[in-house]
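The structure under discussion is supplied below as structure tokens; questions concerning it will follow.
By letter and in written order, the chains are A, B, C and D; residue numbering begins at 1 in each of them.
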């Protein structure tokens, strides 16, 4: 299996991604992009996307960027993740860009940025930094 | 409105909570408990609850614990949140206990613990620490 | 060597702790307390202890609490650490209490609270949550 | 006072920076670089720079990048900061580059990267992401 096939096969098993309507937009070495609509079913109390939405796709994008740099046969698990939320998740959809900062044998340090797109313009709404391990 | 009514009214508007099947179990000053089933729709690739599930209910529990200590008329927003995942979210349901560590006028420091319950026993699966602001 | 001897031997090699005037106050399984004066040499621009002071002793207390639960012959290294600062570090001294949240074989999740003591009263000034690995 | 003068005046009051031998290398809008030698007085138990060293200069670099975007007369305080440590801090000196991710009126989201320099080559040893407030 190619790296992209491995990531796509794993992503397809994440029912959370399907429930959020998320899609795996692109996969490269150490770089994965996931998008999701801001569905009426994932909002917080003021009508913006819930912090858990930005977290979920940001975490998955970061995790899969790590998976691209792990040996075949491995899966990836989040050890910890921190998110800063800079602006409400309002717009047509969210785009999460995950990347590897440093791939060690035992742990992989990752980051992700989440953008809200509206009418073709992008706003940086969240930023994640975390640690993944192969399992 | 009582504090509990304010929290319940806000929680009812979080469609994300409804989509996750989450319920507001208890509300006290600086202390909120939210539970959720581990539905087939919220899993990661290995069949455990997605990190985004533990994050979402942990973040909401922590946020609402902060709301209990804010003035009436305010809503709460997550500035940042960090989660450490200690064990896979496997079992009958998750229980997130959110609490206020320090309530300042401008920011409120919060924490939450998330437990997976299975056949009446609890396992500590995640731990969150973050910052909320009144909006 | 007893666990306490191992921790004390490692602590004695941390020249940073000596430069801060820090002392290892107590060591138990999964629990370590480090204290430090708020010396004129460790301040921030407004005269309180620098965030780096609370971080340094909190990180070391948390790390050594992890070391108490690792095999003999191992040392501990910080993978990541997050600190929330709740109040200025003002007073006679800081006390950092580190503890293990979950000790796994590959990673240990830890936490620490830092208090400022003044005239015998304590104020909770910082809270840390992080990940350690044996090396 | 120019922005750079404001930052330099504040930095000069941080006795912690002087104790670490840190220097303010450059100041631009939303961008501050601080360097420090890896003195024999700031080590951890294995002879590398202590996590508290990378944290201290990373936190100050990030904080001062925020200060460049705050109104005159304000000082900056760290609300929270998270650090991932990617490699031991070994070499001739550390370089911390702090930058503003988003400057809001109430809070400023910042990040910093810390590099260890040895014989003119750089290694990325730590990465910080946090929140500052004007005080």
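Definition applied: a contact is a pair of C-beta atoms (placed from the backbone, for glycine too) under 8 Å apart; a residue touches a chain by one contact, two chains touch by 3 or more.
No experiment lies behind these values; they were computed from the predicted model shown.
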Contacts common to chain A and chain B (chain labels): C, D
Selected interface, C-D versus A-C, where C-beta contact pairs are more numerous: C-D
Distance between chain centroids, defined by C-alpha means - chain A, chain C (Å): 33
Chain centre separation in whole Å, for chain C relative to chain B (CA means): 28
Cα-centroid distance, chain C relative to chain D, in whole angstrom: 21
Sites on chain A at which at least two other chains make contact: 79-80, 82, 84, 130-131
Residue numbers on chain B that touch chain D, as the complex places them: 79-80, 82, 106-107, 130-131, 133
Chain C to chain D touching residues, read off their complex: 10-11, 13-16, 18-19, 40-46, 50-53, 55-57, 59-60, 75, 77-85, 135
Residue numbers on chain B that touch chain C, as the complex places them: 82, 84, 86-87, 101-102, 104, 109, 111, 124, 127, 129-131
